[in-house]
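Two complexes follow with subunit A in common, the first pairing it with subunit B and the second with subunit C.
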Partner chain A sequence: MAMSLLGRFAARAPVPVFPAVGRDGEVRLDVLSLAPALRVVDSPRHASILLVSGDIRTADRDSLARVHDQLAHPRATLWWGTQPRADTGAALTVAAAESPETALRDLYRRLLTGGHTSETHWLADEPPNPWRGRGDHGQGGEGMMGGVPYGRMMPMPPTPDLRDGLALDVYTAQFGPFLPQLPPGLVLEITLQGDVIQSAAVVRPPFLPGRDASAPFDRVLHEATPVAAIERARAAHHLRCVARLLGILQLAPQAARCRRTALKIERGGSIDLAPLRKTLRRAGAFAAIPAGLGPIDAAWAAELGGPAARAADQARDRRETAPAYRNLDFRTLCQSGGDVRARFTQWLDEAEQALALARAAGDAAIEKGAPVETPWGHRAPPSVYRLTDMLPGLEWGEALLTIASFDAAAVCRMAPLGIENP
Partner chain B sequence: MTLLIASWIAVLLFGAWCVAVLDNLALALIERRSAAGALTAPLYGAAALLRQQQNRTEAPDLLNWKLAPALYLGLAAAGVAVVPLAPGDILADLQAGIVLWGAVEALTVVVVFLHGWSANSMLALIGAYRYVAIGLPVMLLSMFVLIAAALPAESLAVSAIVESQRSLWNVVRQPLGLPLFLLLGLSLSFRGPFNYADSADLAGGTAAEVSGASRLLWEFARLAMLAAVAAMASTVFLGGYLGPVLPGPLWLLLKTAALLIVLVAASHLFARLSPARMLTLLWVVLLPLAFVDLLWAGVVAL
Partner chain C sequence: MIELLGLAAIGVIAVAAGLALQWLARADDHRVSEPQKVPFLGGGSPQVHAWQRYHVRYYSMTLLFIAFEMEMMFMYPWAVVYVAEGIKALVEMGMFLTILSIGILYGWREGIFRWQ
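Now for the complex of A and B:
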C-alpha cells in the first residue's frame, strides 16, 4: 500500500531523462528541455529513462551501453529517431518527427507502478580491471608499497602544476561522447591535476552541424528561400550556442529561456532580444567569462570563418555582397577580442541583427543555388589549429567554456581524430 | 523540551520545503513559464528519488560515501539548534554558540570533500577539490563577521547576541556583515554563483554519481543548510525573535523567509565566476571587507 502510494506520488514528478545524443540528435532535444513534465538531467545516475536521440556511431556503442548501465533501477530506454540495439528485444521507439513527451511520461508511469520491467545490464557486470583480490588485503596491488588500490585512479608522478605550482596527483580519463557539457560525439582523453587540465587528446571527433540545424541553409541549393527563414534559423542557432555557454556559467534558467526563445523564433514568433540581453548583462554573464580566455589570432580566425572569425575582427560575411540583402542595409558586425567573451557577444549581436533583417526582409528571397552565409564556420578539411592545444593550463570550467564558444563546424575542424578510428 | 525538538525538526523540514518551492518559483519566473505545481513538486520529486535504486560506483569508499549526506544534514541540524526561537527557547543554549556555528562551517568543507572524493569518480573528485579551495576563504570571511557581531554582545552565546540588538539591529550597526554572511550561505549550500561542488559543468559534481535515497538526503541537506543559514543570519543581524506585536517565533520566521527569498534569488540570478577569479575576489576584496567590518565593530564597541 505504502509502496503503491509512493509510486503514484513519484509518477507525478517530472520524468528524469538522460539524453544520449548521436548524429543529428541535438536540436530536437530542445523541445524536450522545455516540457514541464520532463526533466533533462546531466548525469545518467539521476535519470530513470535513457533517451537515445540520433544515430549512434559504431565506436560509441560501448559508451552507450556503459551509460545505460549507470542508470539506477527502475530504468528504461527510448530510441528516438534511431535504430535500437539489436540485442534489446522489444525496444521502445519513437519516430524522429514525433515528440516523445507522451511516450516518456507513459513509460515512466509504467516503470514506477510495475507495468514495465526495469532493464537489465547491457554489459557484463565484471570489473574492468582484472586484478581484484590481488595483494595482501585484496587491494589489487602487490610489492612493498602495496600497489594501486583496486579501482583507484592510477597515480602518476606529480608534475609542476600549470596554475600555482601546488602538485596534486595527476590522473587521466576519457570524457564523452555523451557528456552533455561537451559537443555531441566528442571524446577527449584528458589528463588533469586537480581541476586543471594538463593535456588533452581527441579520441573521437564531434559531429558536424546536424540535419535539423542545416536544413534551412541547404534548402537554398534546391529552391529560392526567403531571407526571413534563413535569418530566423541563424538567430535560433546562435541562441542555442549562447544557451550552452550559459549552462556552463551556472545560469540554467537563463539558458532555458534562450532555448525557449530559439524555438519561438523558429516557429515564426516576433521576438525582441533586448530584454533577454539585459537579463544576461545583469546576471554578469559577460563579466563572468574571463577576459582573454581561448584567444585566436587573425590567421586562425581566417581559417575558421563564420562568427568565430568575425568575433576576431575579420569582417567577412557573404551577406555583404548578396543581392537579396542589398536593400536591407546589412553591415558586418565584428568584435575585437577574438576570445570566448567576444564569440559569446558576437552570437548575441548576430542573433539580434538576424531578427531585425528577418523583420525588414519582407518577401525578399535568396535565389536557388546562390552562396549563403551559414551560422557556423567553413566546412573544410581539418585545421592545423587544434582545440587540444588550447586546453592545457585551463581550469575544467574554463576549458568547457572555451570548447562551447566555437560552433559545431569549427570544433569539428579543430578536433580531428587523434587516437583511434570512429 | 519536546516542543523545542519538534520545532527544531519542523524548521529543517519546513525550511527545506520552502527553499525548494522558492527555487521552483524563481526558475519559472526567470524562464518565463508557468509555475503551476511549485508547491507539490518537492514532495513528488522526493517520492521519485525514494523509488529509485541506490547505485554503487566501482570501488567507492562506501562508508564515507553513504555517511556524507547524513553528516551534512547533521551539520545543518546542529546549526539550527543554536538559534533561539524566543527568549529562553533555544535547543542548545551554548555559551559559545557562535563557535559551534563556526565548527559547522568548517566541517561542511570536510563533509563535501568526502562526498566528492569517496565516490571514486572523476567529476565528483573535481567538485571536491574545487569546493575545498573556495570553501576555506569563505569560511574565514564568515568568522570575521560573526566575531564582529559578537562584540556588541560581549558574548559568544547566540541568545546574548540577539538581546544585544534590542536597541539597534546588527544589520544597521555593521552593514557589511549581513551581505557577507549571505555569501557564506550560498557557499555552504553551494548554490548559483558559489556552486563549485555540484555544478552543471561537472554534471552534478560531488552528487554526479549519487542516486536514490542517498541523493534525496544530500539534496534535502543542501536545502536545510540554506534554511539554517537564513535562520542564523536573521538571528545575528536582524534581531532574531525581536519585534513588536507579533510573537517572537513568528518574527524569526518572517525574517528567515525574507532572507531565504534573497538567497534563492541570488542563486539563480548571477553567473558563476571561474574558481581562480572567485579566489582572487575572496582574498583581495571580500576578506579585507570582512576585516573592515570587524575593525568597525571593534572601534564602535570601544
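Now for the complex of A and C:
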C-alpha cells in the first residue's frame, strides 16, 4: 500500500528517458526533449525508459541491446518511428509523426506502480570477456601482468604519451553509436592514455542527414520556395548545431533555449537572437571553447564548404549571386580563425543574418531547382580530410567539442568507414 | 554490565538490520547483470579492463603541496619550543628544511613552477 503510494508520487516526476537515436531520429528528439514532462538524460544508468528514435542499423543492434541492459530496473522500451526487435514480444510503439510524450508518461506511471513489469536483459547475462577460472590461480588471465582479458597487455604501452612523455597504460574502447555527445550512429574506436586521445578510427560512420521532401531545402528542388522559409530553416538548423555544442559544454539550460528558439523559428515566430547571444556570452560559452582548437586549413575548408568554410575566412556563398537575394542587401559573413570557436560564432552570426533576411524577404521566392546555399555545405563523397586525423593529442572534452563543431553532413564526409587506420 | 548489554543489543540490531537488507535485495530478482557492470560507452564495448595504471596528472601539485604543508605543520610547534631549546632546535629545523627542499628542487626541475 505504502509502496504503491510512493510509486504514484514518484511517477509524477519528469520521466527519465535515455534516447537511442537511429537514422533520422535526431531532430524530432530535439523537439521532444523540450517537453517539461520529460528529462532526457545522458546515461542509461539515470533512465527508466529507453526511447528508440529512428531506424537502427543491423550493425547497431547489439549496441542497442547493451544500452538497454544498462538501464536500471524497473525499465521499459518505447519504439518511436521504428520497428521493434523481433524478440521483445509485445513491444510498445509510437508512429514517427506522433509525439510519444503521453505514451512515455503513461508507461512510466505503470512501470512505477507495478502495472508494467520491468524488462529482462536482451544480451546474455555473462561477462563480455569470460575470465573466471582462467590462469594458474583463477585470477582471470595468464602471466605476470594478468594478461588477456582483464590484465595488462604488456609492461609498457606501445605508444608514448603525447603530452609529457610519461607512458602509462592505454585504454582502447569503442564509443557509440548511442553516446549522446557523438553524432548519432558514429562509432569510434579510441585509444586513450588518461584523457588524451592517442589514436582514433571510425568503426561505423554517422547517419547521413535524411532528406525530407517537406523541408524547405529539399522542397526547392521540386517547387518555388519562399526565401523566408529557406532562411528560417537555416536559422533553426544552425541553432540546433549550437545547442549540440552547448550540451557538450554542460550548458544544458542554454542548449534547451536554443532548441526552443529553433522550434519557434520553424513555426514562424519572429525572434531577436541578440538576447540569446548575450545569455551565451554571460554563461561563458565562448570563453569555454579553448582558443585555436580544431583548426582547419584553407584547402580543408574549401572541401567542406558551407559555414565551416566561411568560419575559416572563405567568403563563398551562393546567395551573393542568387537573383532572389539581389534586393536583400546580402553580404557574406566570415570568421578568421577556422577553429571550433569560429565555427560556433559563425553559426550564431548566420542564424541572426538568416532571420534578418527572412524578415526583409517579404514574398520573394527561389525558383524551382535553382542552386541554394544549404546550411551544411557540400553534400559530396567522402573527403580526403579525416576527422580521425584531428583527434590524436586532444583531451576527451576537446575532441568532443571538435566533432560537435561540424554539422552532421560534414562529419559524415570526414568520417567514412575506417580505411585510413588499418 | 548494563552498558555492555546495551551495546551488544545495538550491535545485534545493526547486524540483523544489515542482514535483513541483504535478504530483501536477494528477494528482488533484479540483481545487477553482467552487461550492467560494463562501463557505459554509448553501446560500445571496452577491449581492456579499466583497472590499470592511470596518469595522475596533478601529482606535481600534490608534491608541492605536501612539501610546503609539512613544513608549516612542523614549524608551528617548533616556534613554541624554539625559545626554550635554542640553537639545537634551529639546527634540527635546518636539517628538516634541507630534506624538504630537495623535494621542492625536484619539483622545480620537473617544471611545477611554470604556469601553464
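By definition in this document, the second predicted complex is superposed on the first by the 388 of 422 C-alpha atoms of A that agree within 3 Å, B and C clash if a C-alpha of one lies under 4 Å from a C-alpha of the other, contacts with A are read in each partner's own complex, and residues count from 1 in each chain.
Here is the rule we use: a contact is a pair of C-beta atoms (placed from the backbone, for glycine too) under 8 Å apart; a residue touches a chain by one contact, two chains touch by 3 or more.
Everything numeric in this text was worked out from a predicted model, so none of it was measured.
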Taking the superposition as given, does A:121 touch the first partner, subunit B, the second, subunit C, both, or neither? second
By the touch definition at the top of the document, which applies to A:187: first (subunit B), second (subunit C), both, or neither? second
Applying the touch criterion given at the start, work out whether A:357 contacts subunit B, subunit C, both or neither, answering first, second, both or neither. neither
Would you check which partner chain A:45 touches, where first means subunit B only, second means subunit C only, and both and neither mean what they say? both
First, second, both or neither for A:322, with subunit B first and subunit C second: neither
Touching A:17 in the superposition: subunit B (first), subunit C (second), both, neither? neither
With both structures superposed, pick whichever of subunit B and subunit C touches the larger number of subunit A residues. B
If you stack the two complexes on chain A, which partner ends up touching A:391: first (subunit B), second (subunit C), both, or neither? neither
First (subunit B), second (subunit C), both or neither touched by A:251: first
For A:236 in the superposed arrangement: first (subunit B), second (subunit C), both or neither? neither
In the superposed arrangement, what residues of subunit A touch both subunit B and subunit C? 43, 45, 70, 72-74, 127-128, 149-153, 168, 171, 173, 175, 179-180, 194
Subunit C residues touching subunit A - in the complex, by the definition given at the top: 30, 33-55, 57
For the complex, which residues does subunit A have touching subunit C? 20, 43-45, 60, 62-64, 66-67, 69-70, 72-74, 118, 121, 123-128, 149-153, 161, 166, 168-169, 171-180, 182, 187, 193-194
For a test of understanding, state which residues of subunit A touch subunit B in their complex under the given definition. 6-7, 9-10, 12-14, 16, 34, 36, 41-43, 45-46, 48, 70, 72-74, 112, 127-128, 149-153, 163, 168, 171, 173, 175, 179-181, 192, 194-195, 246-254, 256-257, 260, 279, 282-285, 287-288, 290, 395-398, 400-401
Residue ranges of subunit B in contact with subunit A within the complex: 26-27, 30-34, 36-37, 40-41, 43-45, 47-48, 50-55, 58-59, 120, 122, 126, 129-130, 192-193, 195, 199-204, 208-212, 215, 268-277
